[in-house]
Each structure stands twice: as structure tokens, then as C-alpha cells.
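The following pair of complexes shares a single chain, chain A, combined with chain B in the former and chain C in the latter.
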Partner chain A sequence: MNILVPLKPILDPAGMIVNRKAGRVFVNRENYMTNPADKRALEAALRIKDEAGAGVIVAAFGPDRSADSLLEARAMGADRAILIDIPSPDETVSVHALAALCHHLGQVDLVIVGDSALDTGASIGPRLAEALDFAFLGGAVQCSVEGNAARIIRRGDSRGRPDRASARPAPAATAHEADLPAVVAVTREGAQPRYPHGGNIITAYRDANAIESLSPADLGLSDSDLQPVAIERGQSFPPEREFGKQASLDDIASVIGHR
Partner chain B sequence: MNYDLPPEYTALRRMMREFCEEEIKPAAKRIDHSGQVPREMLQRLGELGFLGVPFPRQYGGMGAGEIGYCILMEELNRASPSVATIVGAHIGIGVMSLYLDGSKTLQDKYMPDLCSGKKICAFALTEPNAGSDAAAIQMRATLEGDSYFLDGQKMWITNGPIADVINVLALTDPALGARGGATVFAVEREWEGYSTGKPERKMGLHGSPTSLLNFDNVRVPKENIVGQLGLGFVTFMKTLDIGRVSLGAATLGGAQAALEACVRWARTRSQFGRQIAHMQSVQFIVADMAAEIEALRALVYRTAWLVDTGRPFIKEAGMCKLLGSETASRCIDRAVQIHGALGLSRDFPLERAFRDARISEIFEGTNEIQRIVIASELMQEVGVRLRP
Partner chain C sequence: MDVYDLQALMGENIEAEDYRDLWVVGLAVEMQHVASLLGEARRMADMLGAYVHYIGAGDSDEAIAFGADRVHTLAAESLAPDAAVSTLATFFETRKPEFVFFPATDIGNEVAGCLAQRLKGGVVCNCIALRLDESAREIVASHPVYDGAYYLDTALAAKPQIFTVREGAFPAPLRDSGRNGETEPMDSPADLAIRARALGEADYTPPAVSLRKAARVFAVGRAGNDSESAAIGKQIAEKIGAHFAGDRSAFDSGWIEEDQIVGVNGIEIAPDVYIAAGIWGDTLHRAGAEGAKFVIAIHPDKRAPIFSWADTCLVGKPKDVLPKLLALL
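Moving on to the complex of A and B:
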């Protein structure tokens, strides 16, 4: 079984300061890190590999900034790392390229993605499932493969309120299953990613063949596949949110009374 | 000239920093109060390769050389000097003496368990009457049949109470003394006649246990001689030479933590109606700290590079330990001053850092010994040999 995990390097938010007055985001330190949800997706894939055996393939878009994410994934236990030579694609192009990569690789049974990127975008999962005609399971905090099905645990909304008197009740969770092949989107509440063994970091970085490069032509992508559908015209802040009103008990009682 | 750390080391530092921030730093206060580092934490360090950074992969090490090891010590000491000291005594002098001079059989026997954290190592040189004058050791090793019998006492041994394998220097030929008549033996904790004293009560490094070691006719098979018979003093001095580099790296981490605390504090603390960052008295202090730390960093990593490229490094290693320990003490002292009363409060990490830093000017060769090492290397360059 093969599992594909796309990884997105993003600017580390710890190195940025948002200045609303100046209308700008100042980048103090330009550090890149793997998108946290993507890293949890990788951990989910590696756990399936540990338990059931699977080939884990990670992919990222390049040429810049992606090497660290890919090599770190190799050190954590990914079997192959693929750099797709398309610089900073939007989600539409990403979906085209990832779908093409699945076809190029042949037997990909499961794609595990992070459900959202810290910077922009949260639609890779469902769009990729649609493009590949795979089943889609979103919001996973846990993912396993049982027989020919992917099984996920999704955390419910009814997270028990913290109660000092009793132990905090376990959050309600639901299990969902879909036949393979499938796309699973893991949230940032998925399992904590493992630390790689330091020796594996050294080995991965010193291995000249640790990353395989594929060009759009290798994947059979046409120029139209590489056309972004949206064009960025500029950036601005969303309008400032106003404080809500503090309601008295009487207000609440009257609202309930109306029902 | 290229000052870029190769990308594998940058990635290694990123991982180590993350681990130290998430798993060690939050426990640092508890480690200091309880007086011990949980064994599970050491095991976890072993699983990730932290306990064998400079040693080859075949022994379960990380294969990251002296540079990788310096990065580890810097990051560990930035989070918890107690943990750093346990790891430093384990790798830097304990396992290092086995690795430098031990026989292949001995290395195969002990190094995999030591690098993976199943066992912890100690290095035993100091005695009640042999401190800076290390050649004055009195511990005896007498040959009977196929074995040596060790008799004597070692003092102030870092990791003493927790070590499973102890590399110990004893006189095999008292007539020759330490130079020519001393030998290193690898001793296992379970062997009869070996016992450890109560953990010492120290000002700092509460989580790093130190004790005396008693050897009451401990039988050690000949195979457990580390290096050559009679040349143990050389083995130990070689080990200490190299250990000074990573010790400098550790002090670098401590000084760096103090600087970071000051910069954060300068931003949050206000007096006279503004952040104290705007006051020159504070600016001058952090600027001095930053400059000294940067100089230390350059020295430490250049020396690590000398080690990894097989060049002479003894003079520079002495400088790492000397400059490092004094820079760290100075920086932490100033950091306490900037923090005012908070700097001395037991509820804040600087008070602990202040207590933890002082020992660096003493252990593994006092700074006075470091000055002698540096001077004798300097004099040797002009053909003057100083008597030990």
C-alpha cells in the first residue's frame, strides 16, 4: 500500500509581526517550517506504516524552501520524497499537479493531507478527492487502515465544558470509514509528530538522492493545468472585528422565552 | 572562507531546539527542585541518538562529529544545565575515553548500550588528594592472575550515583606514578566491592548527581583495560582535551539563555514610564553580552571544526572552556542585575542559572589549569617546554 502526503513549507509565524496601523506584516526572521497540519498528516501516515506496513511518499512544490520539509520527512521515516518543480502554485494548480503525481506513481491508495495551511488555503483535500475520484474523509484526528477501508476518528463539537468538580469529560468523537482509495484530511489536533533520530537527519541530508525531482512535463501537465484561476491583486487586512455585547441573564431569558 | 553551518547541522539544531523547548525546558524547574533527572528522559534522549552524537552510527551513535555534539550541548544547556551536565559527563569524557583508546572488543561490548541510553557512563579521575594535580592519584590496581583488583576512592564524580559503566584511572605501577604507571579500567556498577557515596549537596546543578566512588578490591578482568597498560594518564588527558570544546559549547547555551531572558525582559518591563529597553544602561549591558557571546560562538564552532578536520586543537579547546565559563558567569550575573529582585527569586529561572553556572569555572580542569594549558601550548610554539 502507498500513502501520499503533500507537504507545504510556510513562513514561521513566530518570526512575523502583524502591524495593523502600518497595514503590513513585518517579517523579522525568514524561517520556513512545514505546515503544522501537514506534519500531523505525515505522522498519521507513518503510524499506518508502523502498524500495517505501507510505503510513505511525501511531495512538495519547489524549487525553493521545500528541501528542509522533504528531508525532515525522510528523517522521520518517509520512504520517498518528491519535489515537484512548480514554484509556489495556488491550490488549483496544486490539485492538478498532485492528481497527476498520483497517476504518475501508479498505486496510490491513500492520500493524507493537512486540513488547512496556516497561511492560506484549506481546500486541497476535497478538491483532490474530486479530481482523483477518491472518497474523502475530513477533520480526522486519527487515521488507520482496516482491510480495504480508511477509518478516521473525528472529534465532535460537544467538547465537555471544563468542570473543576469532576474530571473533564472526554470530547465526543465519531468514527467514519470509507473504502480505499481515499483522501483523508488531518487537523492540527492529530497525533503529535515524532522527532526524527538525529542520525537519520544526518543521513537524509548527506544523501544526494534523498529527494527526487519531477518537472511538470514528467507529470504530463499541460500549460492550462498550470494556469492559476485566481490572480492576486494585493493584500489587505480583514475589517477589524467589533466586540460583542455583554448580555444580562434577563436578555438571555427573554431570547429563550421568544422561542 | 565559509561560515555557513552545513544544512544537516542546521536541521539537527532545529530538531534539538524543538525537543529541548518542548520536553526539557518545562521540566527544568522540577529537575532542580527534585534533585534528579527522570531516567525516562535520559532514555528518550538515547532513543533520538542524543547520547551518542559524536560517535559512528555502527555503535548506535549519531555520526554527527564534534560540531553536532557542540550543538547538542549548547541546546541542552540553554534548557537545563543539569541535563547537559549528565549528558556531557556521559558522552564528553565517559564514553569518549572508550571511543578514543578502547579496544574494539570493549567498544563493541559497551558503546551500543551507552549510546542508546540503556547505560550511563562516568569518568573517574579526581581523588581526595588529586584534583588539579591529577597525577597525584593514589588508587591502586594490583594484578592477580588474569584480573586486576582495584582499591581506593574517587571523589566528585559526575553521574557517580547513576552510572552503569565507570572509566576509572588507577596506578598499576606506583613506582612509575601516573605518568607511565597508571591505567584506565572500565568497571561495571554491579561488580562486587564497588559502591557509591551519598549524592553531594551542591550549590547548583541539583539534577546532576555527584558522589564519591568506593572501590573495595573490585575484580576487573584484563580485557577491561581501556587503552594501553601504563598509559592511562595519556588516555584521560586526551579525553579532557577534547571535552573542553563541548564544555565551551554548553556555557555558550547558558549565556545565550541569559541574553534572551534580558531582551525579553527589556521589552516587558517598564520603569520611569517606558520600557527599560529604551534605557542606555540596559542597552549597554545586553550589547556587551551579545558581543561576548558572539565571540565565544565563533571560537567554539571553529574549534569543533578543528577537531572534526583532524587538526591540532588543544590550545583552542582550553580557550573554549576558559572563555566560555567566564563569559557565561559574567552574562548571567549581569542578567540577574537587569532583572532586579526577580533575578534572585527562586520562582524565576535566572536564580537557578546563576547557581548552575559557577561550576563551569571549576570542573573538568579549573580555569587556572586551562590557562596553564593554553600557556604551555603557546610556549611550546617558541620551543619552551613547561614542566607539568
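Moving on to the complex of A and C:
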């Protein structure tokens, strides 16, 4: 069984300051890290590998920024790392390329993705499932493979707390399954990613062939597939925080309920 | 009569390729959320000269009162994600929607994503604001990134343009019970490809989160508190799913353990919501709790420094306030 895990390198939020007053994001340290949900997805895949045995393939878009994410994944236990030579694709292009990658690799039974990227959107999982015509299971905190089916556990409330501070208790966690091939989206509440063994990190970085590179042409992507749909039109900022605002008890109760 | 027939009668040119109208899809979501989407769609439709369609299992008269021109009613069993995608995709292939709004729930995001892929459109999830550019016929959507640190403004170059919108993004619309609209039942395809099976409740306990990483923290201090009200504070914390903590004075009073002290001399926290009852909020405490995204402070003394860094403030003795707060939650 082969499991594909797409990884997205994102700008490390620790290296940037958001100034709401100036309406700007100041990047002090341009440091990239693997998107947290994607790392949980990788951990889910590696756990399936540990239990049932599977080939784990990680993929990221390059040419730059992604090498560290891929090498870290190799050190954590991924069997293959693939760098797709498309610089910063939007979600539409990513979905086209990842679907093409699945066909190129052949025999991909399970794709595990992070359910949302910190720096963009949250629809890569369902879109990829649709593009590949796979079943989709979203919002997973745990993922396993039982026989020929993927099984997940979904938290009752995606934010994991009682609904709206009312008398309604948080709904219980539920299990779901779908026959393979499937796409599973893992949330940031998934299993804690493992730390790679130091020796494995050195091996991964020393291995010149640790990362395989594929161009859009290798994947049979045409120019129209590489046309982005989402166009960035800048940034906007939440209003500045105002301190010292007096409120009544009812206001406080409703604020607690809504946050 | 169908609105399309009406347009034909009025001599408007209908081309099959044209993407048109605004569509709101309600997926088993509270009417209040859907109503705000309908209100916003109505406002945009008036600017564009388009119609507002509503698809959902809910009350069609309500949807019309909040701004829909035409309601397509759907059987409730067609609202499961898999079924909704096939039903909506089949329907939209002939109707060609220009803009589609979904509520930004987990199911809404899933269905919107699948639909965008199948209809070769674009999608932006979890929008908190939409701005319509009438001349370009496009919507620029703001959606939060980095846990809401700032918003990214995104436009879509493909049609249909699909958006899932967070609750509370738009003001509640006016309800006009005198509005007219039409209702028509929508057929679902006979063969619904449902691939995800629900297996019922699962045995799952979320991993314990330390105070340092807690999303909500409720802390008590000595000012205006006694051991009884501190115990009520603990009950409130349990009720709202928050970690119970305190400052140094609460530890000295024996209400909390040493590993529950918030401040530079204890644990530094950065929760989404921090509620402090009876905490003076000096520099040492502030440095440990200032990472909180939203601070609610209750303190008997209005000169307390915590009020200078709290978003919501209440001057009052916690031992009077907390029992009332517990009753309200």
C-alpha cells in the first residue's frame, strides 16, 4: 500500500510581526517550516506504516523552501520525497499537480493531507478527492487502515469545546470509514508528530538522492493546468485592539460563549 | 413561471454559457447564519441586477423573507456531504451559478471544495468579508490566515466563484415577510454515490493539553475573592472548557497549585481567551499573560493595571460577580 502526503512549507509565524496599525506584515526572519496540519498528516501516515506496513511518499512544491520539509520527512521515516518543480502554486494548480502525481506514481491507495494551511485555504482535501475520484474523509484526529478501508475518528466539535457555552454538551467523537482509495484530511489536533532520530537527519541530508525532482512536463501537465485561479489582492487587518472597554455581565457571558 | 422564462419574455438575451445569479446553499445550518448570507446576497444581487436563489431543506418562506427570489427545496437526506455534492453538481451544470455562498462549517467547506473542483470554478473558504466589484463582476474575499493574525484578500479568476462564509461576517438582515418568491422542489439524482460511512460514536479522549498551550484560561486572584468564589471560578472554568489558574496571591491562599500560577514567575500562557477575576495585573503577571488574544478582566478596583491591557472590563467584586456569571453561562 502506498500513502501520499503532500507537505506545504509556510513562513514561520515566529519570524514575523503583524502590525495592525501600519497595516503591514513585517518579516524579520524568512524561515520556512512545514505546515503544522501537514506534519500531523505525515505522522498519521507513518503510524499506518508502523502498524500495517506501507510506503510513505511525501511531495512538496519547489524549487526552493521545500527541501528542508522534505528532508525532515525523510528523516522521520518517509520512504520517498518528491519535489514538484512548480513555484508557489495556488490551490487549483496544487490539486492538478498532486492528482497528476498520483497517476504518475500509480498505486496510490491513500492520500493524507493537512486539513488547512496556515497561510492559505482549507479546501485541498475535498478538491483532491474530487479530482482523483477518491472517497473523502475530513476532520480526522486519528486515522487507520482496516482491511480495505480507511477509518477515521472525527472530534464532535472541530474546536473541541462545548458548543456556544450553552447547556448543550459537546457532541461525542464519531468514527467514519470509506473504502480505499481515499483522501483523508487530518486536523491540527491529530497525533503529535515524532521527532526524527539525529542519525536519520544526518543520513537524509547527506544522501544526494534523498529528494526526487519532477517537472510539470514529467507529470503531463499542460499550461492550462498551471493557470492559477486564486489571485491575491493584498492583505487586510483586523481592527486594532482597544483596551479598557467596560462591559456588563451579560456582555461578558456572551463574549465567552462566542470565543 | 420560471424567472428564466420571465427574462425570455422580457426580451433579455439568455445565453447558455452565461454564468448568472447568486446562490446560497444552506446545509443543515441554523437559519440565523443562512439568513445573514441571504441578506448579503440580496444586497449584491440588487447591485448586479441578478436574482438570489436559495437551496436548502429549511423553511422556504423564511428564506424568501430574508431575500431569496427562488427557493429550491431539497430532501434532508440529500444534505449529507457526498449526496449534496452530486446533487448540486448535477443541478449547477445546467444552471451555471455566478456566485455561490455556503456557510463555513466543516460540511460547508467540504461540499464547496468538491463542487469547485467538479465545476472547474474557484473557491475561498472561511471568508470573513466579501467585497463586490460590480464592473468586473467579481468578489474579493477576505479570509483569515495564521490563526486570524491578518486576512488575505483573494479574488477568483474562474467561474463559478464559490465562497464559504463564517458566521457573524455580515449583519443580520431585515426580515420582510411581504416579499414574493417562488418555490420549486429539486430532484436529487437517483444514484447517489455515498462513499463515506458513519460508524457511530467513537471512543476518543483528546490528549491532555498543558496550561501553557491551553486555548482558554480562567484565572483567579485574591482581590475581592474568597475560597468559596474561587471554587465557583473553578466550576466556571470547567463549564466553559477552560484551564483553571491564578496568580501568586491565589497560590498563597491555597486555591491553586504551584504549576497553575500565571506570570513570569510561573507559567507563561498565550490562550485565545484569558479571563482574570480579581487579579491586579502587575508587570510580572502581564508579561506572563499578555500573549492572550482576548482578555476579560473582573476586578473590584477600577485603577487596577489589568484594565489597561484587557479587552473587556468589569469593575466589581468577583465574589458577587462569579455566581451570577456561572448562572448566565
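By our rule, the second predicted complex is superposed on the first by the 223 of 259 C-alpha atoms of A that agree within 3 Å, B and C clash if a C-alpha of one lies under 4 Å from a C-alpha of the other, contacts with A are read in each partner's own complex, and residues count from 1 in each chain.
As a working rule, a contact is a pair of C-beta atoms (placed from the backbone, for glycine too) under 8 Å apart; a residue touches a chain by one contact, two chains touch by 3 or more.
Just so you know, these numbers come straight off a predicted model, no measurement behind them.
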- When the two structures are overlaid on chain A, which partner does A:155 contact: first (chain B), second (chain C), both, or neither? second
- Task: Look at A:21 in the shared chain and tell me whether it touches chain B only, chain C only, both, or neither; answer first, second, both or neither.
- Result: neither
- Message: Of the two partners chain B and chain C, which one touches more residues belonging to chain A?
- Response: C
- Once the shared chain is lined up, is A:233 touching chain B (first), chain C (second), both, or neither of them? second
- Message: Quick check for you: in the superposed arrangement, does A:205 touch first (chain B), second (chain C), both or neither?
- Response: first
- Message: After the superposition on A, what does A:29 contact: first (chain B), second (chain C), both or neither?
- Response: neither
- Note on the structure: Note: in the complex, chain B contacts chain A through residues 6-8, 11-12, 15-16, 18-19, 47-50, 53, 57, 61-64, 68
- Task: Going by the contact rule at the top, pick out the chain A residues touching chain B in the complex.
- Result: 67-68, 71-72, 75, 195-199, 201-206
- Message: Show me the residue ranges of chain C that touch chain A in the complex, using the header's touch definition.
- Response: 81, 85, 106, 109-114, 116-118, 121-126, 129, 140, 142-143, 145-158, 168, 195-204, 206-207, 215-216, 239-241, 272-273, 275, 294, 296, 298, 307-315, 321, 324-325, 328-329
- Task: Using the touch rule from the top, collect the residues of chain A that touch chain C in their complex.
- Result: 13, 18, 20, 25, 91-92, 95, 118-127, 129-131, 135-139, 141-142, 151, 153-155, 158-162, 165, 170, 172-179, 182, 189, 192, 227-238, 241-253, 255-259
